[in-house]
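Take a look at the structures listed below.
The same subunit A turns up in both complexes below, where it pairs with subunit B and then with subunit C.
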Partner chain A sequence: MLRIKKNRLLLYAGLLACVIVLPFIVRDPYFIGMVNFIIIYSILCLGLNLILGYTGLLSLGHAAFYGIGAYATAILMTKHGFSFLPSLIVSGLLALFFGFLLGLPTRKVRGDYFCLLTIAFGEIFRLVTQAWINFTGGAMGIVGIPIPEVLGWKIQTEIDFYFLGLGLLGFTYGTLHLLTESKFGRAFVAIREDELAASVMGINTPMYKILTFSIGSLYAGIAGSYLAVYQTTVTPSNFRLEESCLMIIMVIVGGMGNLAATFVGVSVMAVAIEFFRPVPEYRLLIIGLIMILVLLFRPQGLLGAAAFKD
Partner chain B sequence: MALLETDRVWKKFGGVTAVQDIALSIEKGEILGMIGPNGSGKTSFINLLSGIYRPDKGKITFIEEDITGLPAHLITKKGIARTFQNLRVFPNISVLDNLLIGRHCKVNNSLANIYLNPFLSRKREKEAEDRVIELLDWVHLADRRKELAKNLPYGEQRLLEICRALASEPQLVLLDEPCAGMNPVEMDTLAAFLKNLRDRGTTLFIIEHNMRFIMSIAERIVVLDAGTKFREGSPVQIQNDKEVQRIYLGEEEEA
Partner chain C sequence: MFIDVLIVGIMVGAIYTLVTIGYSMVYGMLKLMNFAHGDVYIFGTLLCYTLLAQAHLPPLLGILIAALAGGILASMVEFFAYRRLRAAQHRMISMITALGAAYVIQNASELRWGSQVLPFPSLFPSQLVTVLGHQISVTPIITLAIAVFFIVAFNLFLNHHKMGKAILCVSQDIPTSSLMGIPINRIISMVYFLGGMMGVVGGILYSASYNAISLGMGFRGTIVAFTAAVIGGIGSMSGTLIGGMILGISENIISVYVSSSYRDSIMFLVLIVILLIKPTGIMGKVEQDKL
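What follows is the complex of A and B.
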């Protein structure tokens, strides 16, 4: 037992060391940029996995929470002189609040109908950002988001952003890992497996569904905030329905109900997207094909715990 | 003093009256059985007690507290656990996690712990796990705790479902046909297990079709017919009741 624990510890330490030295070995900014893309989507998909994989709620509006976080940071930093850390916190909490609001209808609206509701929410968000020019800059978005600074550390290069992203990803994975291994995580799984039985186990199922939505959205808000300072611009086209779909594909390909699998799903899809960039007209076709192959041969995802239920 | 009392409880579904004017009491520390032909409202009655349905009329009292119309999760919290007629363990998760979910209300953890005090959160979860493993040890399932629930044999899944109910440390357990689909040997094991449970102070309310089983463990039996309470008495009284034989046992002979 102790031996296994020791091996595990060594594995984690090794992994951490690799992750830290990585940008100093591979100095190619293109490569680091791609890793940063994977980090953003990992944060997003870990939160989405909580909603979709653990609790079993299909949400096609995740990009909207991502956008709420991004716009909150963009507006606070360009128009109200906020620094990065407070903006990050406000962005996360704001996404959490909207997640809570969108979670409320889960009490009455179920399954496919709820899914439609999340699509509508995502579209409303995108259209509002396009139309409310005074506040969000319309289709041009918000440009010139200042360089973020954390405790005197100016975050400018790809490598700086890599470490910032790694910190946020560590927070995301750490807290979600604790959450999923606690009574809360088990309650989410119980709701996915059998909602009626879950309620008889003493689980307040309506409350827990709202909770999963709020928490999952919090991380999307954090990812959005990171995107805003990383890109230095935000536009409505960052948060289309396609983004939500891509996140869902990543979660499904990796494995629903398994946090570590999310990294696999995100990496596989990110590499596929990069690889087929020269042939944009076939890219969606190939992404679709990967998805179909995974669902046919490994419906539980590459590393997943639970198969997609009806 | 009665542990649970129902006072003239009614439940209608459209034009069908599933439960009609039922008044009964479950005494602390007893095994109360309920029998009745198919469609006589037994499961509906358990659903009323466990908060899955709300009664249209009447009152349910548990330890001198009115629990009428409370949602299921609060009723479990008050100390009433149940099992289902058609086995409802959580199939795709481990035996251990099934029991930990059963223990949900007793796990003293919070979101604040998770985000602000991870070590305390870990400790609380570990405590819950230890308690649940004790329970698994008692029923000799401890070495199978990592297996997925759906991979256990049928009889053990039934046992697992009962243990999941016990994990919340309930005062009263409602069992809906616990030995459906079991062979005679498994039934005897279950009967011994349930008696042992009663001796440890848990009150049991059991719906069962199998006469041999229910007559051997229940101290009192209630007979339902068409949603109403038809008879109540000791197993011997019920077995010798001509009217009961006509509505229930007689029907079985014809079939």
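What follows is the complex of A and C.
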């Protein structure tokens, strides 16, 4: 199943060496901090790319699963004395569960109607976190999330968080790669290319859609858990609709249905956002122009994969 | 009083319908979620604010200029950001360029007007009239009448004018209409132009009746239009009216009798319930899968 050619293996080894030595060469905490955000968005967008690129479900509520993970970790660690690893697992599973619930209507609610359902879910999540002050701290959010510890390793500096993020990202990419190369992955591609033909061929399309949606949400929960300990605070404004839009933009600019392309999309958008931070009044203008220009000249995304059937 | 809440609700519903018409038409025709719609109409409304409150133009002239500007901006967005992508592999691509266009317009408006709430002038006298021994403000009734006038006029145009019929043809089948000699590009530009104009009129009526306008209303407007279009059933004109009315009336009743901080949550809850019961909206047709 997992076919890795020899030169591929060399490439992977080289990449791995690069990312491990990176924080020791560039010691600038500002730069590492930016890379950490790229890592968070990569985890989020890999999951979203599974949903969008492999089954064609447009989800504009991904930030809600991100938020579910973040709030679960924040509440478990500040109020119930959980340590980081169990909170991470609970966060992921909770996001998976809500992903499953929101995925259930895909059996009946189709296309853009489903997209609106995800927007509604995301907005209700954000509005509830704002209003339910006893549980989520309202608009002020939850502050003072303790320093995480994994097997005796205290994660404090930007570099520590870099390696924690790298580990989570490696887990995300590895499991998704295995999944998309497996029988499941071929079913996903069949559904994406032609849903009707796939179902005629005996692929249980509703089951696969629900499955993809829940799995994609699981990774958002993991990313949220990481965000909670990294920022030490979570507020509802971290999980607005704009965040979900940004994730979709990153996936599409990179190229739908191509996991490796997600890194390119995330990095391009993150660098663009960071680069224009000194001129905040023109930021959206420039980002909007980049989005339009990239897609006018490369409609399939920078590293676009297979052609889609409409 | 419940009757006042209801009247204001119907007025807001009619305004939402105006804003949604352009969105729903583009949607029905090109299957494109036009994320720039809200920002286009808010641009026109802000322009109207400048013309009326700062340049002191006569209201009708100011509204006309603003509506034309909104229409032209909408068709420019179509020309620059969407036209080349109409044949793209996946319609999600033009959705993202739409979002890009929304960002550009939003940012440009912010540079000129900022993001604070601006005091939009009232357009109508705020007299009270007594109907059946009950005092009712005139403003929402005039606003409602104007909104209804535009909705009816637009429907007459769509069903009886040659151009309107061409629009209906194109939304049924683009290649066939093209073979019948309908100039597709011109019709699509026209749809954007009309949609933008109606949106600006809706925006002006809304801002005038609440005496407030802010940039943030743009993105919310896009979501409201999307929600109203989906509740009613995408591409259906009567559905647009029903969707707009459901949103407007329920929104007002909830803010008055429950709490305005739960207004949007309940709006989305209504939406979820409607979609779970009727997955294609109230007036929507079930699309058959084609081989």
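We take it that the second predicted complex is superposed on the first by the 301 of 310 C-alpha atoms of A that agree within 3 Å, B and C clash if a C-alpha of one lies under 4 Å from a C-alpha of the other, contacts with A are read in each partner's own complex, and residues count from 1 in each chain.
The definition used in the following text is that a residue touches a chain if its C-beta (ideal position, glycine included) is under 8 Å from a C-beta of that chain, and two chains touch if they have at least 3 such contacts.
No experiment lies behind these values; they were computed from the predicted model shown.
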Answer with clash or fit: subunit B and subunit C placed together on subunit A by superposition. fit
Check the residue A:R240 against both partner chains and state whether it touches subunit B (first), subunit C (second), both, or neither. neither
Could you say whether A:P105 touches subunit B, subunit C, both of them, or neither, answering first, second, both or neither? second
Subunit B versus subunit C as contact partner of A:Y113, first or second or both or neither: second
Vertex subunit A; arms to subunit B and subunit C (CA centroids, nearest 10 degrees): 80
Answer with first, second, both or neither: which of subunit B and subunit C does A:I124 touch in the superposed model? second
Going by the contact rule set out at the top, does A:M201 touch subunit B (first), subunit C (second), both, or neither? first
When both complexes are superposed, which of subunit B and subunit C contacts more residues belonging to subunit A? C
Examine A:L179 and indicate which partner it touches, taking first as subunit B and second as subunit C; both and neither are also allowed. first
Minimum Cα separation, subunit C to subunit B, after superposition on A (Å): 7
Contact residues of subunit A, present in both the subunit B and the subunit C interface: 196, 307
Please give the residue numbers of subunit A that touch subunit C in the complex, ascending. 52, 58, 105, 108-110, 112-113, 115-117, 119-121, 123-124, 127-128, 130-131, 195-196, 241, 245, 248-249, 252-253, 256, 281-285, 287-292, 295-296, 299-300, 307-308, 310
Help me check something: in the complex, which residues belonging to subunit C touch subunit A? 27, 31, 33, 80-81, 84-85, 88-94, 96-97, 99-104, 106-108, 110-111, 219, 223, 226-227, 230, 234, 261-262, 264-265, 268-269, 271-272, 275-276, 279-281, 287, 289, 291
In the complex, go through subunit B and note every residue touching subunit A. 50, 52, 71-73, 76-77, 81-82, 84, 88, 90-93, 97, 100-102, 104-105, 107, 109, 111, 114-115, 118, 121-122, 125, 128, 164, 168
Residue ranges of subunit A in contact with subunit B within the complex: 174-175, 178-179, 181-184, 186-187, 189-190, 193-194, 196-205, 305-307
